[in-house]
Amino acid sequence: MLKKLGLSAAAIMAALPALAQTATDATAPVVEAAAPVMDKGDVAWMMTSTALVLFMTIPGLALFYGGLVRSKNMLSILMQTTLIACMVMVIWVLYGYSVTFGGGTSPYWGGFGKLFLSGVTADSMSATFSAGYVIPEYVFIAFQMTFAAITPGLIIGAFAERVKFTAVLAFCALWVTFVYFPIAHMVWDASGLLFVMGAIDFAGGTVVHINAGIAALVGCLVIGKRVGYGKENMAPHSMVMTMIGASMLWFGWFGFNVGSNLEANGGATLAMINTFVATAAATLAWSLLEGIQRGKASMLGAASGMVAGLVAITPACGTVGPMGAIALGVIAVLGCYFFVTVVKNKFQYDDSLDVFGIHGVGGIIGAVLTGVFSAGSLGGVKGDDYSIGAQVWIQIEAVAITLVWSGVISFIIYKLIDMTIGLRVDADTERQGLDLASHGEAAYHG
Amino acid sequence: MIIAAIKPYKLDEVREALTAIGVQGMMVTEIKGFGMQSGHTEIYRGAEYAVNFVPKMRLEIVVTDALADAVVEAITKTARTGKIGDGKIFVLNVESALRVRTGDVDDDAL
Amino acid sequence: MLKKLGLSAAAIMAALPALAQTATDATAPVVEAAAPVMDKGDVAWMMTSTALVLFMTIPGLALFYGGLVRSKNMLSILMQTTLIACMVMVIWVLYGYSVTFGGGTSPYWGGFGKLFLSGVTADSMSATFSAGYVIPEYVFIAFQMTFAAITPGLIIGAFAERVKFTAVLAFCALWVTFVYFPIAHMVWDASGLLFVMGAIDFAGGTVVHINAGIAALVGCLVIGKRVGYGKENMAPHSMVMTMIGASMLWFGWFGFNVGSNLEANGGATLAMINTFVATAAATLAWSLLEGIQRGKASMLGAASGMVAGLVAITPACGTVGPMGAIALGVIAVLGCYFFVTVVKNKFQYDDSLDVFGIHGVGGIIGAVLTGVFSAGSLGGVKGDDYSIGAQVWIQIEAVAITLVWSGVISFIIYKLIDMTIGLRVDADTERQGLDLASHGEAAYHG
Amino acid sequence: MLKKLGLSAAAIMAALPALAQTATDATAPVVEAAAPVMDKGDVAWMMTSTALVLFMTIPGLALFYGGLVRSKNMLSILMQTTLIACMVMVIWVLYGYSVTFGGGTSPYWGGFGKLFLSGVTADSMSATFSAGYVIPEYVFIAFQMTFAAITPGLIIGAFAERVKFTAVLAFCALWVTFVYFPIAHMVWDASGLLFVMGAIDFAGGTVVHINAGIAALVGCLVIGKRVGYGKENMAPHSMVMTMIGASMLWFGWFGFNVGSNLEANGGATLAMINTFVATAAATLAWSLLEGIQRGKASMLGAASGMVAGLVAITPACGTVGPMGAIALGVIAVLGCYFFVTVVKNKFQYDDSLDVFGIHGVGGIIGAVLTGVFSAGSLGGVKGDDYSIGAQVWIQIEAVAITLVWSGVISFIIYKLIDMTIGLRVDADTERQGLDLASHGEAAYHG
Amino acid sequence: MIIAAIKPYKLDEVREALTAIGVQGMMVTEIKGFGMQSGHTEIYRGAEYAVNFVPKMRLEIVVTDALADAVVEAITKTARTGKIGDGKIFVLNVESALRVRTGDVDDDAL
Amino acid sequence: MIIAAIKPYKLDEVREALTAIGVQGMMVTEIKGFGMQSGHTEIYRGAEYAVNFVPKMRLEIVVTDALADAVVEAITKTARTGKIGDGKIFVLNVESALRVRTGDVDDDAL
């Protein structure tokens, strides 16, 4: 049972009453109506995980990105990450949770059954992947809320240092509504399109990383390059902040990946060790490539490898083995490294912080390889009846659907915003820096 | 000695223009400029602070008399945007110059 | 039972033997003498929470405050926060725990029964809010210790950049002894004055925030303004550190608020989601107000809103619903914003980092509104027999008692210190900065 | 049973099948073959602890060390810490775990039985210190992995600002293989030399701190002083980063020390409170010494005291009482303070970040005093049959063996690396700074 | 060109005094000053370092000859505290000045 | 006024040498130097940036004419390593000097 359901991290989101309604669904866990158990160990772990995912976002992601921009734009990154997260949290409890996991059985959305979290109390329970085990619905809501809050924050790296603050907020409000919530429903809800297809996405490789990655690529193409791009030195203003941010991302990612198991059991510990070794191997791999290619391994390279590894192992961490995780991390880095150093330079677009190059490319490689390394013969947990070819095909379909859905709708939203609010600040403001212009303050004073 | 205050993002362009006409060295300092270009206002929890200074780059270039006019011209051309705050150039007389490494003096030192 | 006891976060502090003694107290949980259960899930969560509250203090609070001062005073803030916390921890195990939770039944203090933690072993247990469930007394002691350690650290923001280091330490030693320990006993001990009155303070709004806030206000009035206040630019030296600190406060606050539930159960998850959404809404609200009022939303504003929201939800998080939490966060920000931008400027006192404006005002609003939004009709957990009016009155009384007790005794302690050690450095030292003068080092070197 | 096994933190590392094989070993817990229990509360805590130890390393240790060097060498510290950790993690799952805890019964190593983690699955369990309780083997592997990853990172502080990057990596790969893994086996494996002797090392005082400390001392002697040492001002470039790092170390150390209990029970909470108060007392003590000696307490002093306290309580935290912990913290600081301010200056070697002075000296004092304060008469958990004298003697032997083993083999490895790769960069590179020279980037840009 | 080293916290006051007498621009640099005012000592774990430099602000102001004396006086008045370390003022001759934006030269450029 | 650009790590040595010959004060600025000594290259994810500037320390010392040659010599001696980038020394004429604290002028002010 566990194995069958292990496909998807948070598939069963319904509170118990809802579950009763969907009990005819073959993929739903058979809950013994008499005695579903809430184990406090699971609750403790899920609360820890939820807090960790917030920590990933702020200060983690904020610093990782913030260190990479010039000091005059530092606060704009911190503010965007912070306010996007806060805004999406409020949206989540107003209607986001409902349209994603509200109990509706459409393949595309969850309906309006739980607007304003109506009906949820401290006694409401959500199912886990183990029959008979439940966790409080509030912690499931909060855990998923942090996922929704970090994802649009990833996108902003692509058009950093030139975007209008209000435009970013408006974009993100629309984006979570029309892109993130539907895709999360499709992948993680038992009635969702990709869930039913059988796509494996343990902790959100498609929902979070590919989704944000493609939206980022579209965004930087629509917005255009930074003034002075390619001519002026746009070196990161604080590699220290970037390193701190990357380390915090790794730390917080244990909440992200391992929390997606919904329980503190053996399967969770597998997800944890995979998240360790894939990331470690990826970091080493990027540094090694740099060492070979130019004789020096940079901190930015190591941080990039770290994030690429984390992204790539995300969909896979529940079903591959540690050796598969290492291989997956290394392969993902090969792809990302090639992409950001060669492909991107060739096409000369300005994905300022390489959101697509790391999250998009790393996410795609991870999603596809999940199909490969989940096989028992390659150290994964899938048994004899598992076909690598068939699964890889499903994975590719899931990736393609995500790329198209997110790419097209994101494009429409960008254009809409550009025609109304305007996406970009003027050149003088860009020169002065967004901190003073948009936020009226400076990041640092003597 | 030519001392110039310019907009920071013009630094690379000016440096290139100067190299092109044969300037071999300079000293660059990040300064706070005060002039007609007004600074900005920062507000911290209700308390408003006027920051009167604008970041500028200050260049100091010592060249032979022969080259001086060309240097002033090169800076003027590349640093000009036509907007307030483009900066100033001042020329001062240098009595002697010396290269520490070799002991070369005056024109040889530049 | 849970609901009745849910009023107070840490009400039942006694080890089991102590509990047996107080079993005649009607509000004490009825522990089945035969089999009190220590659930390892609770232990795991309480240990996590305890570590999180330390993290809130250092580096969290230290950076939040430190970023707001000028760079020449950065280390003084870091040192004060660090050493106060360390000093109070040692005091706590020597006599603080005993006088707060030592088992004495006075409404004002806990007696000397547990000086030096005498009698406590790894097998001693403390009751929780659920009958029959216990947690190791050591983790209860440690958890409460972190509360005692952070509270005086909050005060120092009011007289930052001009206070004498030894004076701060001496003040805090006296302050925890004569202000914090008694008030903690009054609010959280089953025999405490405010506990018996029925005040709701789930995680310490009165004990921590109002208490520290009023002591801060008194402090800055006694010490006087900084040299150059209102004339020189005293802009925060690193808004980045302030943002990091604020984010860490949020992260750590899950330990603070949710840990106050003492168990990892459904009630804990309610406290968690409330801590999320109240804070998110408050951050948005502050930024929106700034956006409306001056066209730019600042990072300092967002960070201020964040902390104001966290403060306000602290007493309420266990008994209000998520929608009530959002409302509460927004209302608290309206009050704090008005206070720090208008009221404070009007009275021209120098509460340098707005300790009273945020912790005091936010705490008071939160305490009062807890009485409102706990009502079932407004989404809270209180049932039909709950009277908003009656509870609000109790809340106001609790606030008033705290303000008077803390205000008066703090004033006496300040005067005492000023007459002996002297509270303030001389003007030259202040100009040079406290880092070099009091600590002999500089925060940053080229 | 618990008490007897309490001697060593992670003594029982074998998966259950392995345990069955060693059931004849008298010190192994008697597991009821029928029903070993995996409590999810333990799993939750062990996963939290594991993540915390990563956090200690990056960003914790990296920032603590990084703040202490000049800004031109900041990234070199961040890179070394990061890449060493990643490299050792990969080594750990390839062969490190096997040679340490692979089930072999040699006193010196664990054999090749678990190369590449062969045979381990999500269902494999490891014993804890309580009979009948198990935790998933993956989390035991991951937890121990983080210990292996941080230890060599401690060493680099001794030769910061002058070492060749590739030399450090090569050194660490050899060092973990020939020094760390064997010593970890000796101390923590039930068949290990020091474990059998009965040495108490709850969380790794010998394995981690003394071990790294002596290797550090040897290292800085072999490499020699920095150019300009004693003449130029080599003041820490950011005491702020150092303070953040130290605070993160404290926070993460709860994973390190308390996780070593392997369960979330009363014993764990004892380890936690000891880790709090010993550290608090040590921080105060260092500041007090400075205050007395030169009138000013510095942030570097407080941070040093903090780390010294953490190091000293590491072996002792499971068996001493809180008052003993305070005493131990203070005594350790007396030793470390004397060492780094007097002894080091006298001998004029350049242990740049005082690795030996803090970790080595603090570790030795802690190890020896563990023998003292574990006695019941001094507040510890050891009963009547405990002889302080005998235990102290065992502790001294364990320290001596570690010093000799690590000192000698480290020396050989240094010489080997120096003859091949070369340990040190040339003087010009050192002047320019390692960041640009070895990593091609600068930590900060205007 | 008037070059002055002053105490950092006097900057705003001096700037205001100069504006009051008609100065339209200046360049400000954060420097380390060395003089009679002694620095401080920093101790890092037993190692003592004397920091011989004191933070100062360096002003560079170019004005017409007519205004020069007034500038020197204004700085002297506002920057003086009477304690060691108040700073120095040096006057140098400028040969020519130019405003980059407009090409105005000499007195018109100031 | 003697203006010198030197290698940063030579600062302490030069300061000591100058004190030894009787120099009582100076102004020190961290600058970016541009000259024959080439900078370095930094690469950020495939984008390569040439950093043309090298960190230098700029000294400004005003002394009596009598002392000027000794100052130049002292700097030259202590700052020289013989490698490219040792720096330059320029001498300018100062018209007047003033000590803010006391009002002392010219030679008395130094």
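The chains carry the letters A, B, C, D, E and F, assigned in the order they are written, with residues numbered from 1 in each.
In the analysis below, a contact is a pair of C-beta atoms (placed from the backbone, for glycine too) under 8 Å apart; a residue touches a chain by one contact, two chains touch by 3 or more.
Keep in mind it's a predicted model, so treat the numbers as computed, not measured.
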item: Set of chains adjacent to chain B and to chain C; value: A, E
item: For chain C placed onto chain D, the superposition rotation in degrees, Cα atoms, nearest 5; value: 120
item: Centre-to-centre distance between chain F and chain E (centres being mean Cα positions), rounded to whole Å; value: 18
item: Separation of mean Cα positions, chain D and chain B [Å, integer]; value: 53
item: Residue numbers of chain A (touch at least two other chains); value: 39-42, 44-45, 48, 233, 235-236, 294, 296, 298, 300, 440-442, 446
item: Contacts with two or more other chains, residues of chain E listed in rising order; value: 29, 42-44, 51, 92-93
item: Chains touching one another, given as label pairs in label order; value: A-B, A-C, A-D, A-F, B-C, B-E, B-F, C-D, C-E, D-E, D-F, E-F
item: Chain B - residues contacting chain C, complex; value: 42-47, 49, 51
item: Residues of chain F touching chain D in the complex; value: 9, 12, 40-44, 51
item: Chain E contact footprint on chain F (complex, rising order); value: 1, 15, 24-29, 60, 62, 92-101, 103, 109-110
item: Parts of chain F lying in touch with chain B, wherever the complex brings them together; value: 3-6, 29-36, 52-53, 56, 58, 72, 75-76, 79-93
item: Chain E-touching residues of chain C, taken from the complex the two chains share; value: 228, 231-233, 431, 436, 440-442
